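Presented sequentially are two complexes of chain A, the first with chain B as partner and the second with chain C.
Right after this comes the complex of A and B.
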């Protein structure tokens, strides 16, 4: 058993590219997921009873299914419907799809936390529904749901590791690939763990900083 | 579109695989709970070293993806003198270590909510520290955090799909094998998702009922 980090420096370029792929799939998937989640939450808020019920069923079904299974359904099952996606595209879309229901739940709890009186006041002032959503509800609830969103982002960062199973060349795939080719599991897995720990720590620190900043803004 | 004979033929195989999935996640949850008791009491200990150790455990096992933890155990166990670790043992080890960190965070919240007067009183009655933890604090902490613990079990059952990667014949693995033998990818994976939902949705609803019950009893 030897420990030799030269295998890491020798493959630094490939590992850096893999790191960028991880960041890309994570952030692109999360941003799409956030937008889809907001849409679902808004539809549940303003849509009629049947639509609400339908979305409720959709949310429960997606939340009951493992991320890996969703990935398999889209990437391997998609071609049965002529949906042929590259591994990376499928990965980003699956992260967006999977996270959208969780983000929707977060947004929904945020909407519920804004007092009704404010909506009524806004309506009396002649604000339309979209204006109410954008100008009154969103700014206030964003402060409240910030911790939950940051938490979900860290969860999604870790889920990107699963994309290695459908051959997306992200950190886990590339580093374990180097490990099996050169039989240097200790070094590659150590770097892999440190990379994820760093990403998670940076994200949660940035989240706390943002919470603090927004908190100051609110107190003024 | 949906090939019923294939579906009926696959049911017994999926049933057997379901047992493996349930077995790994329940064992992982049980061992994880034991680890969590240890870690959360370390975090609430007075000694700074113990607190730091507990904190580091949670930081590492919550910060590294479960898949990576699985790979670490699978690849590194033979190098540290644990050759021929069966997939089942590796899977349960990874699930327990990981869920231990998450459950520890839940239990810590429950333990912190208990008034310190209780443990002081028990101490005066001559109870030892472990006895106080196990017989007075833990039952209350579990009761007050039961909804979160059920939620954690749902997450663990979903996470157990990843053990298919280390070659354990769980639900996901068996569905994969079925799909690659007859190329009915979409059908098999749809059935797979359905089975997971059949377990997880009732469990989630049960958790929500517990939560409402708890809120009512506290109100």
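Right after this comes the complex of A and C.
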């Protein structure tokens, strides 16, 4: 067996671009997913019964569908509904769509974890619902759910690999492409693993640092 | 205090000229159900300006629920509660049906209420000062500097100005409860409602909270206190209300309730209390 890293250095530019595409689809999709998730959770909290039920069904439906299937439905099935998206856009939107329901569940558990009494105290002082949401619930729940959010982010990072199926030029697509063209599977897959490991290690370290920072009020 | 259930029998601890003035809190025939369970029935209760009323009774007697109704944290189903003459929480429409009063009207009626909870309910992500300042800035719309000055004054009053920058997690239970009292006081309420303010505290820490409450009472604050601290009730209250199974069993001055009572249920309740707190070999007996 040969081990030749020159193939990597020769394609460094393409690999770097793919690395950026992975980061872009991952972060853009996650940010959109987080926003949508927060919206869903807030609607479930403050909306009426019918809306709650509808969102519940939506959440279960999306959770019960593999990411790959969602991707196929949107990218290949979309055009028959008049939905024509570029591969990159479709990828970002699918990650957002897929993750929104998980984020919604995380946010919901966060809302539930802030004791009701704290809201009653605020209510009696004349604080409004939105003020309580913004000043009492959100700051505390963000601390509580941070580990779960970071965990979800690492999962989504690896999930971007699936976007290679719809021709998004991200890390997995580009590196396996190089590998099959030049028969350097070990080298390319090794680089691929290291790249994902790097992203996830950075994410979880940043998460732990942030957890410590924002949770300072919990220390005795 | 005078309860208007049977006016001839009403015992008032308030000077006569005071009771002619409209009560600051007025409850008439208040009832409350949780599902089929009637937790409060036909409660009449007047609290006058500067009066200290202690609600006592066994757990499940409805005393906490009654207090929470007075802040409309629980919706009462029957009767009326007036705070300074304003109907609390409900509105009567043209056809005589009642419906929820809007947020603004509810807040208007609550404006002069301060409430202190058993579990303190401080916001843990804000410092002691932050907790006290929050509503001054967001509700009273004071500029931050002015709000903080006012908050510091309130913290000073409960003896905690040195702990202003600490987060609640770094304070003892007693200190946390005093911050909670300061948070309510900073809004300059005319009435303070206390829901078992010392029940969640280590026995050693109860005193410091009661001392603050005593001082408030001496300064003429109108107070309604749900408590298991019979000593506090005996020393500070103008009147004591004994509740059992959602009804007022008896009411009167501490002397009348703690010494001369003829109500068997109340005697049993007090005897239990004395037995539980008995020391050495002597079990104090109630006077006959």
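FYI, the second predicted complex is superposed on the first by the 216 of 220 C-alpha atoms of A that agree within 3 Å, B and C clash if a C-alpha of one lies under 4 Å from a C-alpha of the other, contacts with A are read in each partner's own complex, and residues count from 1 in each chain.
By definition in this document, a residue touches a chain if its C-beta (ideal position, glycine included) is under 8 Å from a C-beta of that chain, and two chains touch if they have at least 3 such contacts.
Being a predicted model, the structure only gives us computed values, none of them experimental.
Using the contact criterion defined above for the overlaid structures, shared-chain residue A:7 touches neither chain B nor chain C, since it reaches no partner.
Counting residues of chain A touched by each partner, chain B versus chain C, the larger count belongs to B.
Residue contacts after overlaying the shared chain place A:121 against chain C, while chain B stays out of touching range.
Of the two partner chains placed by the overlay, only chain C lies in contact with A:131; chain B stays clear of it. Touch criterion not met for A:148: it reaches neither chain B nor chain C. Comparing the two complexes, no residue of chain A contacts chain B in one case and chain C in the other. Those residues of chain A that touch chain C in the complex are listed here as 115, 117-118, 120-128, 131, 135-136, 139-140, 143, 216-220. Taken together, the chain A residues at the contact with chain B in this complex read 1, 60-61, 63-70, 72-73, 76-81, 158-162, 164-165, 172, 176, 179, 185-186, 189, 192-193, 196-197, 200-201.
Taken together, the chain B residues at the contact with chain A in this complex read 59-60, 62-68, 71-72, 75-76, 79, 154, 158-162, 164-165, 172, 175-176, 179, 185-187, 189-190, 192-193, 196-197, 199-201, 204. Residues 71, 73, 103, 107, 110-111, 113-115, 117, 119, 121-126, 134-135, 138-139, 167-170, 180, 183-184, 187 of chain C are the ones touching chain A in the complex.
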